[in-house]
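Shared between the two complexes below is subunit A, which has subunit B as its partner in the first and subunit C in the second.
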Partner chain A sequence: MADRKQTLRLGFEGHLRKVDVTLPATEATPWDADSKLEIVGTEVPRLDGHLKVSGRAKYTFDVALPGMLWAAVLRSPHPAARIESIDVSKAEGQPGVKAVLAVAKPGDTLRFAGQDVAAVAAERPEQARDALALIEVRYTPLPFVVDTEGAMRDKAPRVHEAPITERRTEGDEPGKAKAGGMQGNVRALPPNERGNVDKALRESDVVHEATYVTQVQTHSALETHGVLVRWDGDQSMTVWASTQGIFSVRDEMAEVFGLAPSKVRVITEYLGGGFGAKFGASAPGSRLGFIAGELSRLARAPVKLMCDRHEEHVCTGNRPDSRQAVALGGRRGKLHAIDVVAHGTAGIGTGAGVGRNAFSLYTRCPNARVRAHDVFTNGGPGTAMRAPGHPQGAFALELALDELAAKMGVDPLKLRLDHDEHPLRSMQLRQGAERFGWDELRKRSAQLRSRNTRVRKGVGVASSLWGDFGRANAAVATCSVLRDGTIELKNGVQDIGGGIPTVIAQVGAEVFARPLSTIRVRYGDSDYGPSVGSGGSTTTSSVTPAVRNACEQARVALQELAAKQLKVPAGEVRWDGDGTAHGGGGSITFGQLCKKIDGEAIVATATRPATYGHEPMAFPGSKFYQIAGAQFAEVEVDTWTGVVRATRVLAVHDCGRVMNPLTLRSQINGGVIQGTSYALMEERVLDGDLGRMLNPNLESYKILGARDVPEIEVMLTEVHTGANNTGAVGIGEPATVPTAAAIACAVYDALGVPVRSLPITPAKVLEALGMIPGRPA
Partner chain B sequence: MSEPANRRGAPKGGLTRRGLFRGVGTATLLGGCVDRTSTTDPGGHAVVDDATAPAELGPDRVPVRFTLNGESVEAAVEPRTTLLDALRLDLDTTGPKLVCDRGSCSACLVLVDGLPRNSCMMLAHDVAGREVTTVEGLSKGDELSALQHAFVRHDALQCGFCTSGMLISCAALLRRRPKGEPLTATQVQDAIAGNLCRCGTYPHVVAAVLEVASGKTERAGA
Partner chain C sequence: MLRMPRFSVQTPRTIDEVVQALRTPGARLVAGGTDLLPNIKHRLEQPPVLVSLSRVRELGDVVVDEAAGVMRIGARVTLTAISEHAQVRERFPSLARAAGVVASPLIRNMGTLGGNVNLDTRCRYVNQTAFWREALGGGCIKSEGSVCHVVPGGRNCVAAMSSDCVPVLISLGASIVLVGSQGRRELPLEDYYLADGVRHTTRLDDELTTELVVPLPRGPRRSHYAKWTVRGSIDFPLVSVALRFDLEQDHVSAPVSEAHVVVGVLGSKPRRVTRLDDVVGKALDDPSLATAVAERVHQQCKPLENVPYEAPYRRTMLRVHARRAIEVMVAAG
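And now, the complex of A and B:
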């Protein structure tokens, strides 16, 4: 069938316009500004809530199979070492022990403290841990380096002898180009440049130059990484995985064990958080899938391998740190040049870029250049973490902008508005500033500074940019209308906590005009059909359009059935608000109609095409829709103790069509809270002498608690994007991009001096105020 | 880089709680198990006479009997087994979650004789004869409590892994609140100060508890 043209009304409040799009013939007519929806867009409590609040939801960690064994992994105590010998014999025959596996071989080089060495499977987890103590390993320790600056020195020990293969996951930002070669431990990432930055900096009448530092953050999902493997014969297996990418687990297990992917079934019914680190059967720094699968094969029993909290911190990924040398040029009150040179470490891994903010947010600045570098160190590998690169990039850029604004004597908000071409973000900044009370609060900060009060208050603002990377043909949804009137929607997507099953049900209820109680959603299982990983904020925009297409196609079949029953042409059938079909003076209720289904069910299966729109603006250099956001933060700083409290955050966000405002607010709260935690508390600390993490727990690796949460106000600016047939785009990542930056700007406003290093600890505040001497970074 | 917040963070193979138990010797540990009056734990108190207590426990599995969500249960566990492991591994009660395994996150919180306790920091044998309530025990069969309903309505959960512990803290707060006295947001925040949540559900948790405390739901109380 040929493509068809369709005119849609797209855009946002005050900026709606008619846009022509070309749609594949099988594509449902997209919901746009003229669509009146009844169930999509309303506050529907998540449908599995009752299972989670009653303790009945079974997470991977909770699943128990008959005869199941527990695995534990012996990990390298050395940040760099060569293995001389491994003797696992004493672990065999220990109480409960059923299988022992040497993961590393003599001659192997270990590159971080926490790397896999050997593993045991036993009847109880404590028996497996006890047996690890009896494995004898001789190591020859090698020189190592764990700090980013140290690793950049000429004489630093080399972390990798040869160029390494980049590990990519669905959590990475799509479209990244290939990196350059390695020099020592430093590897250049693809640069971005427009205009002539060197010339522009020379032409500028004000130049601000400073270095901004961010820390390593760990994902710290509450459910640790882990898998449970059961072999079903020797050519197929079932895997329960704590994963945000069911199909990435399937593919890795199939590859590792030489199985057909169709012979690997992966189940993730409930998932205790992921935040970017849970793709594939392995953790970024540990071959969990291989270890559990191999132990299971050896022991001929199902094997569960769950990381403990220490392992979760050291070998399952992290957000790389950064040192960003920023130069901003101002000319006649305008931003004339942006130059960023960034170095960061993802440990032994890659991906220490600093996101798109510096290059792509303030596009009215004619000259911009970003050059980022991976610096290899003997630490656990970094991996994608909620908007990889962006929070660290936003922090450096936005704080530097405020410092430049101060030097030029212009309001930081005005400087942003002057250089941001995105019409929606400009509106968000303006409306947000009014709601937040920007002008009055800036005046209050200045008064408190001039009175030199002990407690200061400050406000800051920062912007968010992300793309709708919703994937074509990746999610295949099945809609079955059963004879008993139930509508069953199936897709093998996992719920990371965003509540996708509830939104799927809403789409089904909307299309059929049926109550939510008649919709059953099957998910969390590769048997339910291909789907996407929960990465790149793509879940809702990849899955819901596929679900809608399947529903619409099933509804067409149902309409034909209704036409037959009512003895009218299908085109004359009209549906009312409760799913009753009318035509030719007669009517038939939904329940009666379903009983007439020939066979068990009407079944339709569908996916979604590539994006066909990006109103009002595209993500730089792509056809993808650009997701805009801005956050305003207020802080209170005690200048005697240096303690910073984030007191208030106004989060202004676009997420295309708002599918469910209740679960949406939860995700935005989460982005703000994680961003606040990143700004003020979290930091992985590696001991330079030992090369080990000093705070691999949750009492000295601090994450934000209930008493530290700012008052969060969420302001939604809905956009009819025309990107897909439901109009959904993502929010998980955009909501955390600007938080730490806005808080850092607010601290600068409060103190009048910047703290250019995250987390903003009391010591750094006192140091910035000159009350304690600075320490070498 | 700032100074490490805590130099005691032990590297793997260093000092661990269970390692410490092993290191100090079984006798000391068993003494602790038998003599419940010796605990400095504020929630702890003697419930079994020394005369009826076993003279010695372990090192193999020994039966322990207590009340779990209103039902008498018995599990055969080693003296070193934590209450959390006994619940999860031996009693198929997986509502309480293992997250930090050292009392810093409260995901494993349960009520022991009505007081919220980290079940990863107690030995199973320490609850002999006592009443343990997990999140599973907050509802009556399939009927959720008002607090659980409010959690769902306010979306006070995302991934749900902290939720069991959150609910125990909040239920305990509602139960110990003087009758008729309103709760403040600060009091709720204080009550869940030990419950770590990574998804960022705190604001909705506070809203849910305040609604229940205000009595505006169909049924007040936890």
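And now, the complex of A and C:
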């Protein structure tokens, strides 16, 4: 069928306009600014909320099968070593032990403390752990380096002998180009440049140069990584996985064990968080899927392998650190040049770039250049973490911008507004500033500074950009209207925690004008049809349009059935608000109509096409909508102790159409909390002499507690982008991009001196104030 | 998830039975378990037998003995109960406060005062998984090894005494009562602790703490407990200072007749700050008193790199928090 043209009313408050889009013939007419929706966009509590709070929701950790064994992994105690020999024989025959596996082999080089060496499956988890102690491994320790600066030196031990190719997952930002060659442990990422930055810096009347440092953050999802593997015969298996990408688990297990993907079933009913580290059957630094699958094959019993918290910190990924040398040039009150040279370590892995912020946010600045580098160290691999690179990049850029603004004598908010081309973000900045009380609060900060008070207050603002990376043809949804009136919606998507099943149900309820109680959502199982991984903030925008298309198609079939019953042409059937069909003076209720279904159900299956709109502005260099956001933060700093409290955050965000304000606000709250924690507390501490993480637990790896959470206000600026038929775009990542940056800017406002290093610990604040001597870098 | 090794549990009903049960080699007492069980998960201890106090009725009371001039607090009284007890709040506000800022409500509901005074010492190189410690080349003095990672070359364990209640109880002049096969003994709590993180109390293996005895104030007094942690709850103290000032009259402008300041989270033993003689006689609200006390605390207390956050920073903070605690007392009137 031919494509069709459709005129939609798109844009945002005060900026709505008619836009023509081209749609595939099978595509439902997109919901736009003129659509009046009854259930989508309302505050529907999570359908499974009661199961979660009452403990009845079963996570991977909770799944138990008859005869199931528990696995444990022996991990490298050395940050770098060669394996001379492995003898697993003494572990065999230990009480309860059913299978033992040498994962590494003699001659292998281990590159971080925590790497897989061997594994055991036993009847009880304690037995598996105890048996590990009997595995004899001879190591030859090798020179190692765990700190980023040390690894950059000429004589530093080489972490990898051969060039490394990038490991990418669905958690990574799409569309990045390949990297360049390696020099020592340093590997250049593709640079970005517009204009002539060197010349522009020479032309500038004010230049600000400084280095900004961010720490390694671990994902620390509440539920650790883990899989449970059951072989169903020798050519198929069922895998329960704590994953944010069911189909990535399927594909990896199929590849590792030489199975057809259709023979691997993956189930993730509930998931205790992911944040980018849970793609594939393995963790980034541990072959969990292979180990569990192989032990299960050897033992001929289901095997469960769940990481403990130590393993979770050390070998399941992290947000790389960064050292960003930033130079900003100002000319005639305007931003004239942005130059960033960044180095960061993803340990033995790749992906220490610093995001799009410096290059793509303040696009009215004519000259910009970002050169980023991966620095290899003997640490566990970094991996995608909630907006990879962006919080790091935002922190350096936004704080540097405030420092430049101070030197130029302009208000930092004005400097941002002057150089941001996104009309919605500009509105967010203006409306946010008004609601936040920006002007008055900046004056208050200045007064407290000039009076040199013990307790200071400060405010800061930072922006977020992300893309609508909702995927075409990736999610295939099935809608079944059953004879008993139930509407069953199926898709193999996992719920990372955002609440996608509830939103799927809302879409079904909307299309059929039926109560939510009549909608049943089946998800979390690869048998329910292809879907996307929850990465790149794409779940809702990939899945809900497919669900809607399936529902609309089923509804067309139902309408034909109604027409037959009412004896009118299908085009004359009208539906009312409770799903009753009217036509030719007669009517038939939804329940009565369903009973007339020939066979068990009307079933329709559909996906979504590529994006067809990006009103009002595209993500740089793409046809995807650019998601906008801005956050304002207020802090209180005790200048005697250096303790910073984030007291208030105003988060202004768009995510296209608001599908459910409750689940949306939850995601934004989570993004702000995680960003505040990153700003003030979280830090992986590695001991340079031992090459090990000193705080691989949740006692000394500090994550913000309930008492430390700022008051969070969420302001939603809905936008009709025309990207897809529901209008949903993502929010998970945009919500955490600017938080730490805004807090750092607020600390600068409070103190009058910047703290250019995350986390902003009390000691760093006192150093910045000159009250205690600085430590050597 | 970390798993516990197997052990058996005994549930005696009387103190005598407890003492009897403790004769099993390696037996350990458990009351709330909030310190012991994580340590067992970390394989810092692998006791074959846990002797539970859950069925012992005798140790659960708070009694004010006016005739003897003391309050007796049973070892099994929970930290929540202490923090909420009307008599404790009235007579020993710094103790109520210390008990009320331990960890989190859930832990305070389980944790007991006896457990808190016997809390094992803590160190960033010790309170880790067995695998982690093994990778240091075989742990340290306090765990499986023989070296110290905090004080290179050190032969003595300097793991930190991290109890919130201990510095306060010492500042209040409390004594501890222990019962064992050799009978009952009572000693000043201050003398109970040793400068050895491996064995940081004088408790014998078959002794159990039965009660803490705190002398009732004989005159006007102001006391406070200053605790700093990274987070607003759950954390062990990083700065821990207990202060007590006895006054000649019941107002903060009155002269101080006795001053006691005790600091925790340094090494394995709480430190009593000395040379406070010159503050005696000064009014509590005399700013020079706060400065002098803060200065003594800073001079005499040297935090180590045994807990998170930089030791030099924590030392600087001792001065700030000591001074602030006095300001809080003065402001409260």
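We take it that the second predicted complex is superposed on the first by the 777 of 777 C-alpha atoms of A that agree within 3 Å, B and C clash if a C-alpha of one lies under 4 Å from a C-alpha of the other, contacts with A are read in each partner's own complex, and residues count from 1 in each chain.
Everything below uses one rule, namely that a contact is a pair of C-beta atoms (placed from the backbone, for glycine too) under 8 Å apart; a residue touches a chain by one contact, two chains touch by 3 or more.
Predicted model, so just to flag it, every value in this text is computed and none were measured.
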| item | value |
| --- | --- |
| First, second, both or neither for A:L694, with subunit B first and subunit C second | both |
| Touching partner for A:E223 - first (subunit B), second (subunit C), both, neither | first |
| First, second, both or neither for A:H78, with subunit B first and subunit C second | second |
| Which superposed partner A:I772 touches (first subunit B, second subunit C, both, neither) | second |
| Touched partner set for A:Q667, first subunit B, second subunit C, both or neither | first |
| Touching partner for A:A113 - first (subunit B), second (subunit C), both, neither | both |
| Touched partner set for A:W640, first subunit B, second subunit C, both or neither | second |
| Contacts of A:R707 with subunit B and subunit C, given as first, second, both or neither | both |
| Touched partner set for A:D339, first subunit B, second subunit C, both or neither | neither |
| Subunit A residues touched by each partner, larger count belonging to subunit B or subunit C | B |
| Shared contact residues on subunit A - subunit B and subunit C | 61, 75, 77, 113, 125-126, 129, 224, 308-310, 690, 692, 694-697, 699-700, 702, 705-707, 761, 763, 775 |
| Subunit C residues within the subunit A interface of the complex | 1-6, 124-125, 127-129, 131-132, 134-136, 228, 230-236, 308-310, 312-313, 316-317, 320-321, 324 |
| In the complex, subunit A residues that touch subunit C | 61, 75, 77-78, 113, 125-126, 129-130, 224, 306, 308-310, 640-642, 681, 690, 692, 694-697, 699-700, 702, 704-708, 761-763, 766, 771-772, 775 |
| List of subunit A residues in touch with subunit B within their complex | 45-46, 49-50, 52-59, 61-62, 64, 75, 77, 113-114, 124-126, 129, 147, 215, 220-224, 270-273, 275, 308-310, 496-499, 662-663, 665-667, 669-674, 683, 685, 687, 690, 692-700, 702-703, 705-707, 709, 712, 761, 763-764, 775, 777 |
| Sites on subunit B touched by subunit A in the complex | 1-9, 11-13, 18, 78, 80-81, 85, 88-89, 92-102, 104-105, 107, 134-136, 138-139, 144, 148, 151-153, 155, 157-164, 167, 188-190, 192-206 |
